[in-house]
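Heads up, the next two complexes both have chain A, just with different partners, chain B and then chain C.
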Partner chain A sequence: MHKLKTTTAVAGGLALAMMAGGALAQDQVTLNIWSDTPRLSMFELYDQTHDNVTLNVTTVAPADLIAKLQLAMQAKSEIPDVVFLSDIGYTAQLSTRRSNYLMDLTDKVPQALQDEFYPNGNSPCEVNGKLYCLRNDLAHMMVWYDKPLMEKLGKAVPTTYAEFEALGAELGPEGYVLGSAVEAFPLYSFLVSDGCDMAMPVEGKPDTLKIDLTTDKCTKPAAMVDAMVANGSLAKVGPFEPDFVNLAKTGKVPLIIGPTWFGEYVIKPTYEWPEGTLAAAMPLKWDDQDQPLTWSWGGGTYGGWKDTAHPDEVVDVIEWMATDVANQTDAVTLPAHEPSAIAWGAKLKADSYYADADVFDVEVGSAKYSHPGYVSLRFSVSDAIAKVITQGMGGGGTVLGALPALQTELTNLAKLNGYTVE
Partner chain B sequence: MASRTLQSRFSLGRFVVFAALAFAVCFYGIPLLWLFMAGTRSEASLFSDTPFTIGSWAAFSQTWTNLTSYNNFQIGTWAANSAIYSVGGVLLSLVASIPGGYALALSEFPGRKLILIMTMIAMITPSTAVVLPIFLEMNLLGLNNTYAGLILASGFFPFGVYLAYVYFSTSLPKGVMDSARVDGCNRFELFTRIALPLARPIVALVAFFSFLAIWSNYFLAFVLLSDDKLYNLPVGLTALVSGSGALSNLPANDVPIKKPEVILAAIIVVLPVLLIFIVAQRFVRSGTLSGAEKG
Partner chain C sequence: MTASRVKQERRKAFLDTRMSYLLLLPYLLLLLMFGLVPIGYAFGLSFFDTIDMVFWGPTNYQFVFDDFRVPASVVNVLTFVAIWVSMTVICVGALSLMLDSVGRRAATMLRTVYFLPGAVTSSAIVVLWLFVLDPSVSPFQPILQMVGWVSRADVISGIGLAGVFALMAYFSASGGWIVVFGGALASLPTEVMEAARIDGASRLQLALRIKLPMIWRSIVLMGILSFATGLQLFVEPQLMGMAGTQFAQNDWSLNQMAFQYAFRMGDFGASAALSTMLVGSSIAIALVIVFATNFYKLD
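Entry: the complex of A and B
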């Protein structure tokens, strides 16, 4: 009897040990991650700081992400659990009936954490009222200017589009330029700055877009761009083209409207403005607006696979990548998560390169004016602008004259992609 | 007499021919010349200096360091992968296409014409059209994301079969084959002892074209490989360049891959092909002429 008891106890102990071992083994989770190159170090940091999760990180070309994901889903193998989405359009493209990849995070990410993002910061992640991703970084447009040059010219930094246009009328004929008229995103930013309904989602109506380019809110910015192109203050070359770069290097660009990352990653390394030159100002507004309405140019997001075997860990990776303050402090661009952004901004405030110490304050101060229409669509409005307006301008056309064709192009694209157009 | 010789030397026809050749050299050569010169320049120089400025050793060295130090010299892994895929694929294509071409040229068997027609159809079918079926097939066999999968898919080289068929059906001296047969060679010995040693130019030519196709293959590798440790150079460098935003308008990152690194990467992809062509051009030249003259 005693022997039996002993045997039973030993067997029970072994079983418990095996179960514990099994539980431990189950706790160790491996997730497949698809990242772009700049986010690799952040994923590696997560891997190092989380003992229970191993990340198998693969670098995927951002432009190839949708095609590769569709192949993986077709093959039903090697499907990533978490992806970095570098294009805001990918959220809508990956939450359709045919490409149904993204996990609905609406109830998985606590509302308190969602509220820590800047206003409209997660708009590119919301499709038909559901949250499918978390935003990594903001990229709204603001005013960048050459402070000594503006002072030398005796000009005040504009605060409204009327002042901006007037400045262009004065400086354009003297050979100065205030930006580019042909790059799709800056042009897009001008055209929607007064609330133009250029493929904007209709609240409460799923998959419905409003496209109406005939209103004053669209024609007014279009006419401004045409006038500034005519007087030479908006260049007919893109801001990354050598001709524009040479203008910027030779003191012919006193001011340019660009996204938050423009100072650090374009003006500093490519335009090579000297230290103590670059300053920033709030986005411009139209005279009939109480406050600016600023478009964005970029800003990546993190999404997860809806059928992952480890949903809790996937949500944890997404939350950590987008909102962990220690992680985001070293992020390359302005975090969309406010506490992270405040920690991130310390190094910008201490950077002696800028003419003023308030560049970070301007960046976060203007975040609240982000356009709510900067959302994820299943087609690219900027591609349509490049096709219809930019190509037309190359042949001597005007932005105002191209609006009807753009309306047709956008309407066709929207309908082709399953949207109802109002 | 002398003036007539001079006149014939500088005739209008010769002038037109040389002018056309000079134009072609400039038209196709200038972009290549620019590529090699631009590989030595810095980002700032690419924007500001004249197109054919020669850069500095320091700029080239920095570019090389940036490119090779990325992700623990991952570009080296991709280059090694490219070499593995190329060597494996070339060997497989040679093993399949040279005997295949020989059999089609010198044997009469039922279905020979059908196989020849199928070879021609496979040759002219765009490779992108068959990539998806290959992907599904490899997926079924569990060979996606493996060296074997891409090597197996790359070994399919119908152009090599056709080249070998043309060579063996036109250039192999019939008398030598008949003599060997009289001397007691069986079919296998005829191929290995007589035909194959005589077919060295065509083997080199098929190997060269096969290498060219596999080394620069982007789409097949893109579809079959999703693990970046298995990428070949074209897919890996595209991922790197695209991810760093070096050529797009979203350069907001600290990855030191900019336009000079992209140019150097392009040179790295082109250089092995160029070197192999220079080394193998004697075989390639003689191979391309094989079958041009019968008898």
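Entry: the complex of A and C
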């Protein structure tokens, strides 16, 4: 909990003396905020820079957020005015008849401000054409690689999936690994990279999803993953499991496809790649694509309570948190708001940790390839992938072989959650 | 017997009964507050649309039956219960009888050792097991690798999720039962044991023919309680996701489904319907076992 204590006596006296009641007419508004730990300092900054609003910030573990919110709504007390949503699925899950929490921001956030976000940056906030939140950070997948190691191996950084698969075929048998095949999100991102209709929203039809995993656009990436698992270039352990971390630390991972936050939050602190090794490249594309189509892994959002007593202040907090340049400059992850991102990037450009100075340029340059289907759904596709595909892989099953079962699971889940399936 | 004597006896009996109710009272109060009232509340809630608070009869039950995940989780839970209860009954029974036949001091020490894993909360045990099951960090690495399991995914699919959860649950609950059985066995009349020994019964015969028939009720009780606990399986599958999202099991057990309904979907009515059915089956099965085995009949 954090509360800003203003020196009311002094400030009040001054205000009384200087202004003709103008400032006094503005009532002090207190908003209840549920935040995660990394966002705490940002909310505190808002509190300090806004005299008319006091923020009562409570830290809630991201995994507990929905459960606590459901309880608060059921009890009809202690409902927060603004929340930080760590999972993009929460937007859809919190704007249903059953849990109707989120405020519709479509007409409250000016269009000009909405346009300052990167393309598809706010797609996880849009449900049936309405805007329910503002995105804090981008998290699209790109290519991270160990520059000296790739040079030593004499390999070029791939730009297409065909090159990526060929690189795996060469390096896999030599004991090198280019990522994980079992972690749900990386697997998810491979599977949808060629436009596979894996629970994708249908333009213009509310609550409608297209689920068809039988097309070439799905089977091709699935077969690639299977081939790379077979030759060892995609590991059957997750990227955070000790086995994988060991490989990454001992120079056995020359290249990995990961989200924008992978460099700063996984490779640097966990994989401990030395200074001057890490470089980044644009997301891969398939031969039949003109440009890459890249999935994302995460990216938090800010949402407000639709029945709050102070809607204007709530919208202001959300806008400020997501788009105030001074605030977002020091944000932990790449801002989804373009002007903020540019200010934020200066730090990255000056960081001597990276082998190239263009890491930030790659991050924002690849933002325009973000998959428009990275939206908020009322069920979790990644959980379904973990349940259907990954578990089968432990017993020797293939991704390709599991696609029919995944199609059934996703269709069932979609119907259960009130979607029309095409 | 004089009239006054009878009166005195009656008065004593009355005081005794009153005393026993008085002693039971705290338990009954807690049972009412945290058992019966919530069950009644959930039962009532299960017939309502909890969003607009309108009565809609069996709609919530219909919703649960129509959920394709429910039959799968019924199978999951029953498989788990079958493995876990038989494991508990056989292993705890065997271990307790064995402990009773070794020296008292050694038995006490071993019982404490067996109890130790149970002293850790079950959520912590799950986390511990996630490491034990990972061949790259497990202390049982050679064994796991001998079977040909090189990653955690291999181990989990090799043992099967039901088996993994049964192992976790066994180690968190068995120690307590071993202690209970230690007490039950220690209270068996020594003259019966001595008579059996004089008649030439071996340790094995003593355990199987004399001690086991004398403690079977406790074993049935353990079976019933384990069964009821097993149906409510929640912590073990729920925490699997801690090993990585690829292991997440959010709808594996029935209790998890009830949790999903309430705290993911926000549908407390559907959650109440599933929970009501869950507690109903636990009670029904316990009643069948109790009456089919003449559990409370005195010898």
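Criterion: the second predicted complex is superposed on the first by the 397 of 422 C-alpha atoms of A that agree within 3 Å, B and C clash if a C-alpha of one lies under 4 Å from a C-alpha of the other, contacts with A are read in each partner's own complex, and residues count from 1 in each chain.
To be clear about the criterion, a contact is a pair of C-beta atoms (placed from the backbone, for glycine too) under 8 Å apart; a residue touches a chain by one contact, two chains touch by 3 or more.
From a predicted model like this one, the values you see are computed outputs, not experimental measurements.
Considered on the superposed chain A, chain B and chain C are sterically incompatible, since they clash. In the overlay built on the shared chain, the residue A:Ile318 is in contact with neither chain B nor chain C.
Of the two partner chains, chain B and chain C are each touched by A:Pro242.
By the touch criterion stated above, A:Phe185 is placed in contact with chain B and with chain C alike. After overlaying the two complexes on the shared chain, residue contacts for A:Val362 are found with neither chain B nor chain C. Touch criterion met: A:Thr270 reaches chain B, while chain C stays clear of it.
Using the contact criterion defined above for the overlaid structures, shared-chain residue A:Ala386 touches chain C, although it does not reach chain B. In the superposition on chain A, contact is made by A:Gly395 with chain C only, not with chain B. Once chain A of one complex is fitted onto chain A of the other, the partner contacts of A:Met282 are absent, as it touches neither chain B nor chain C. Shared interface residues of chain A (contacting chain B in one complex, chain C in the other): 71, 74, 183, 185, 238, 240, 242, 246. Put simply, chain C touches chain A in their complex at residues 50-51, 66-69, 134, 136-137, 151-154, 156-158, 161, 243-251, 262-268. Contact residues of chain A toward chain B in the complex are 36-38, 40, 58-64, 68, 71-72, 74-75, 77-78, 86, 137, 139, 183, 185, 238-240, 242, 245-246, 249, 259, 261, 264-266, 269-270, 272, 297-298, 332-333.
Here chain A touches chain C in the complex through residues 66-67, 70-71, 73-74, 93, 96-100, 182-185, 236-238, 240-243, 246, 378, 380, 382-383, 386-387, 390-395, 412, 416-417, going by the rule given at the top. Against chain A, the residues of chain B that register as touching in their complex are 43-44, 46-48, 70-71, 135-136, 139, 144-145, 222-223, 226-228, 238-244, 249-255, 257.
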